[in-house]
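Next come two complexes, and both contain subunit A; in the first it sits with subunit B, in the second with subunit C.
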Partner chain A sequence: MTQLLLFNVFNGLIIGAFYALMALGLSLILNLSGVINFAHGGFMAIGGYLAYTLFSYLGFWGALIVSPFLVAIIGILIERVLIRRLYGRDPLYSLLLTFGLAFMIEDGTRFIWGAQSLPYQIPSWLAAPLSSEYFFLTGYRVFMMLLVAAAVLGLFVILNYTRLGLRIRAGTLDLETVSVLGVNVRVLRNLNFGLGIYLAGLAGVLAIGMLGLQPTIGDNLIMPSFIAIIVGGLGSLPGTLAGGLLIGVASGVTSVFFPSASEAVMYVMMAAVLIVRPRGLLGEEGRF
Partner chain B sequence: MPRLDKRAGDVLIWFLLLTVPYWLPLAGSYVELGTHVVVYALAAMALNFLLGYTGVLSFGHAAYFGLGAYGAAMTIKYLYPSTPLGMLVGVIVGTAAAGVIGLMIVRLRGVYFAMCTIAFGQVFYFIAFQWRTATGGDDGVSAWHRVPLDLGVASVDILNNPEAFYYFVLAVFAICAAAMAFLLRSPFGRTLLAIRENERRARFLGIPVDRHIWMSWVISCFFVSVAGALFALMNNFVDPRALRWDQSGNFVIMAVLGGMRSFWGPLIGAAIFLVLQDYISSHTENWMSFIGLFFVLIVLFFPRGVLGVMRRRTAS
Partner chain C sequence: MISRTASKKLDRRIIIKAAAAAGVAQLAAPFVLTARAADTVKIGLDNPLTGTFAALGKNELIGAQLAIEQINATGGILERKVELLVEDSTSGDTATAVQKALKLIDRDKVDFLIGNINSALAQAMANTSFQKGMFQIVPGGHTDTVTGTQCHWNVFRVCNTTRMETNSVSKLLLDSYGKKWYFITTDYAFGHSLQEGFEASLKQANGTEAGADFTPLGTTDFSANLIKAQSANPDAIILLLAGDDMINCLKQAVQFGLNKKFHIAGAQQELEVNEGLPPEALFGDWVFEWYWKQPGVAHVEEFVADIRKRSGGKVPTARTWFGHAAIWTCKLAAEKAKSLEAIKLAKAMQGLILPPEVALMPNNPYYRVGDNQLMPTLFVGQSQPAPQGGDPEDLFKVTQLVKGDEAALPVDQTGCKMEWPS
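Up next, the complex of A and B:
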């Protein structure tokens, strides 16, 4: 029983790490630009598929490093051409636009790579279990956790110790003042969008080793990411991180006792947070 | 003069709607497409009650549409084979769910509100998908059909006669549209407009803003669940796609395409969208790309919608 529980807590932690990675990217974009990026799951899928294609040229490690960067570049281009025009307008329009983009990306990946699920080969030494007693502790899962942790740490360092990060954080609080102080806000939002999409691409590359690859891979992760943001608190990145891990573990633990409610528990948590504390666990008062 | 124009527009729209079975086959189509358009138009107009007239963005209306559909389908299949009873149960279920969820999200605004409606919208999708024994899961609720109306003196065969069913749907649509128009013209409707234009000022005037938004939300969801119940009757079938998030997006794009600031806009948007979707999906397998592109193009080049642009033309 304890082993089953431990297994599901660990599983939940991994899933939660994915939710958090996706939600952090969404949050970055939402906080600075006020855009809900519905196509985030689509960018994640692109990350996975690009890794699949790059795998035969660059191998596992090359694909892991290059693919998220390519996705970020695609994101930066899309921001420049399409999303930039909608800043300052009713959020309705950016939501509709990214909604249409999500459709196009899903159909595009299906057109290029086919609708059937594709396998992804991870190095065999990573796939093996680390101990015979805790069979679920495969090298790849631990490796994923470490990589997600590294990505989150990297994001933390960028936001706190670089000029770009400082400007992103300042812009989140008061974009107008940042602009008046001579920062090129258009470039700032552009790079910030790229950073958010990079995280989605990274989530995509990591996810395919575990979940396999199909055009709708992002669909199952985008809703929990929204919930993670709501639970953690809009406007707070640490909150988003905590929210993602929390709902992941909660749904993992629930699946021990009540397998069919493992999705529902996330929504129950969201409802509870909205009733007790509408700004979310770590959200600021009066931001929205 | 503009007042006369508006009257003329109303008359024209009702005339066209009433004569659909006569002119639509001439245009090479079927009455069923007309029924489809009217059902979706009701859903989009219901959404627009909230979006266009209260200024609150919901991206999760498919949930209440789908609840209306499932309520009607399951009532007729399991409880009692009666079309009005099915509709009644569907609408009650959809409206009740909206009432409860509305209480949780009514304090939120803007993108935050939209995000919560999206997330809550998915709850019912998962329930419909996972609760196999009752909802049939992915396969949906099938093996039932709408029941001819029994009016006491005569019975109307809305099951086998598509024209009779069209007029049944149109009658429901007319009642709902009239009710919405009445509400929008009432002091309550004017208050909603005031909230849309300037929420802070409305609050200063002593208007209980949250309560009004909640009421507008519930009214909007009430009408969208009526549309959902009609949707189930139309197909004699319902599956989880009726309440998935892309359905919500369709309602929003219909309202925007036709013109959010006008009463009839969503009807025109629904007609254009459905005819186009029908055409594209019968010509290419990649219809999703085209629909997606259509969304992008509307947002970039046509954000005011058909009626918004026309009104602008006449004003200048």
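Up next, the complex of A and C:
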């Protein structure tokens, strides 16, 4: 039983890292622009579908690199054309907009690529366990973990050691002052949105290596991402990361004892955090 | 031009409401309503067009649309043109499915009601149509209760019961792979009934249940369940999942290398699922409810060719056949009853045999008297990667044909107590 539990803790960390990747993108956009991006799962699906299409031309690695950038460009265009117009208004406006956008993306992908699941093949050397005892550590999962770690590290470097990151962090704290200091906040929000969507696109490409590629692929992953943000703490990127890992582990461990509650346990955790520590584990008091 | 208004107004409550709405969003869905004329025979199709079962729903719709064209080309029903009214039931929201069924019955005044793919939705619709006295055909909802404990005189079913599916394949699994099974089962009516069926077979053979995990519908990660299954060391891991859940689980099982350690099998498998799997995940013993490759069986080739024309070259699946057979059943019943009255239609359906151009399979499928269940042929076999140089959609190898009435429980054991209106 102990071994089984340990297996599931490790496995939960792997899945949690994936939730965290999705949630980090959501959190970036939420923190700077105050937009609850319901369409995040949709952008993730676009990432998967573009990778599927690019696969025939660029192969697995080419699709993995190019697809998230294309999704980010789509995100930047959508922010510029649609979302930007709603920044000054009640946040419910942007919430409704992205809500509708999510449906449009789902129907759009269904129209272009069909409703049926599409097969996506990863390199055979990735699609095998690394050892027979720790069989759940497959090459692909380890690769996914490394890529998520690289993405988190990359995000950390961008936010802490680049001018863009400095402005994003400053804007998250006080956008008006940043604007007064001469920063073009339109561009800043636009690039930040693109960065968040890039992470969604990357999550999409990674997801289709182990999940079926269909128009609703993002639907089932968007909720854990929201929960990761709430559990980790609104406004805190490290909190989001921790939230994702925590709910992944909680879900994995619950599967050992009560599999049908593996999803419900995430909501229970969210409720518990909201009751005991409403700002989330690492959220700043008074931030939201 | 900048504003912090948005961020200032954004509070935790909104985020939580948003998260709740994200869940509800999956229940919302558009509806499709085709134009209609007053003097036509109306068939209402209330089936998923969005969500988890959208691909299956689309294929049933394609089959239904072909049947409508064929029927109209041969004089319609009772010499009246037939039109199809299509509603999106969603994939999992019972209230929406029932609401759409009521709309079709009360507002659109349909003569026949067809639906649903989701077992729970099919049963809810059946209970509604029973109250309304509306003739209904369930094309693809498998849970046993529809023609079992909650059977109704007005409700007929094209697809198999889950017990028929498990009975058709369980002997093969027990004989070939051993008697210690671990179940990974989708946590709703369909999965539960399948597992009950297998458990009955296992008990009869003095087998052992090594464990069972019920997973929520829409589960993306099955690794925890697969880890448990591996530690239980069963002879076979039985996957009783559907749609995308099955795809996710099979892909992950292959990556874990479990297909090399255990036999992985199940009851129902669908071509839609196989087409979403990479070649290495195409393995295992399953039951198909209809298969497009049936050399020598009358009219199958024409049917395949007709569907290919309508679906961008893709072959029909069992779902396409369900939709096609369900619509044709409406015509056959009406022509036999010479009426569109539900009670007369239901009486005419008793023992009705599908003609070869509708049956599209061996063994003369018929609607059984006593539980209104179609007794078709089941196709038992193995999933396979497309043969080299063969059709890319030839992803299943049929090894055994099982007659429906040999796989089904006798009527008196189904729990169906049919009560006809006086």
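The rule is simple: the second predicted complex is superposed on the first by the 285 of 288 C-alpha atoms of A that agree within 3 Å, B and C clash if a C-alpha of one lies under 4 Å from a C-alpha of the other, contacts with A are read in each partner's own complex, and residues count from 1 in each chain.
Operating definition for what follows: contacts are C-beta pairs under 8 Å (C-beta built on N, C-alpha and C of every residue); 3 or more make two chains touch, one makes a residue touch a chain.
Quantities reported herein were computed from a predicted structural model and do not represent experimental measurements.
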item	value
Which of subunit B and subunit C A:Val205 touches, first, second, both or neither	neither
Contacts of A:Phe226 with subunit B and subunit C, given as first, second, both or neither	both
Contacts of A:Arg85 with subunit B and subunit C, given as first, second, both or neither	first
Comparison of subunit B and subunit C by subunit A residues contacted	C
Touching partner for A:Leu241 - first (subunit B), second (subunit C), both, neither	neither
Touching partner for A:Phe99 - first (subunit B), second (subunit C), both, neither	both
Which of subunit B and subunit C A:Phe111 touches, first, second, both or neither	first
Which superposed partner A:Ala250 touches (first subunit B, second subunit C, both, neither)	neither
Touched partner set for A:Ser260, first subunit B, second subunit C, both or neither	both
First, second, both or neither for A:Pro129, with subunit B first and subunit C second	second
Overlap of subunit C and subunit B interfaces on subunit A (superposed complexes)	30, 34, 36, 86, 89-92, 94-95, 99, 102-103, 106, 223, 226-227, 229-230, 234, 260, 263-264, 270, 274, 278, 288
Subunit A partner contacts - residues on subunit B that touch it in the complex	51, 57, 59, 104-105, 107-112, 114-116, 118-120, 122-123, 126-127, 130-131, 245-246, 249, 252-253, 256, 286, 288-289, 291-296, 298-300, 303
List of subunit A residues in touch with subunit C within their complex	3-4, 7-8, 11-12, 14-15, 30, 33-36, 38, 86-92, 94-95, 99, 102-103, 106, 110, 114-122, 124, 127-129, 132, 135-136, 138, 140-141, 174-176, 179, 185-186, 207, 210-216, 219-223, 226-227, 229-230, 234, 251-252, 255-256, 259-260, 262-264, 270, 274, 278-279, 288
Complex contact set, residues of subunit C against subunit A	1-7, 9-12, 14-16, 18-19, 21-23, 25-26, 28, 50-52, 54-55, 57-58, 187, 213-216, 218-221, 223-228, 230-231, 243-244, 247-248, 251-252, 254-258, 272-273, 275-280
Subunit B-touching residues of subunit A, taken from the complex the two chains share	30, 34, 36, 82, 85-86, 89-97, 99-108, 111, 223, 226-227, 229-230, 234, 260, 263-264, 267, 270-271, 274-275, 278, 288
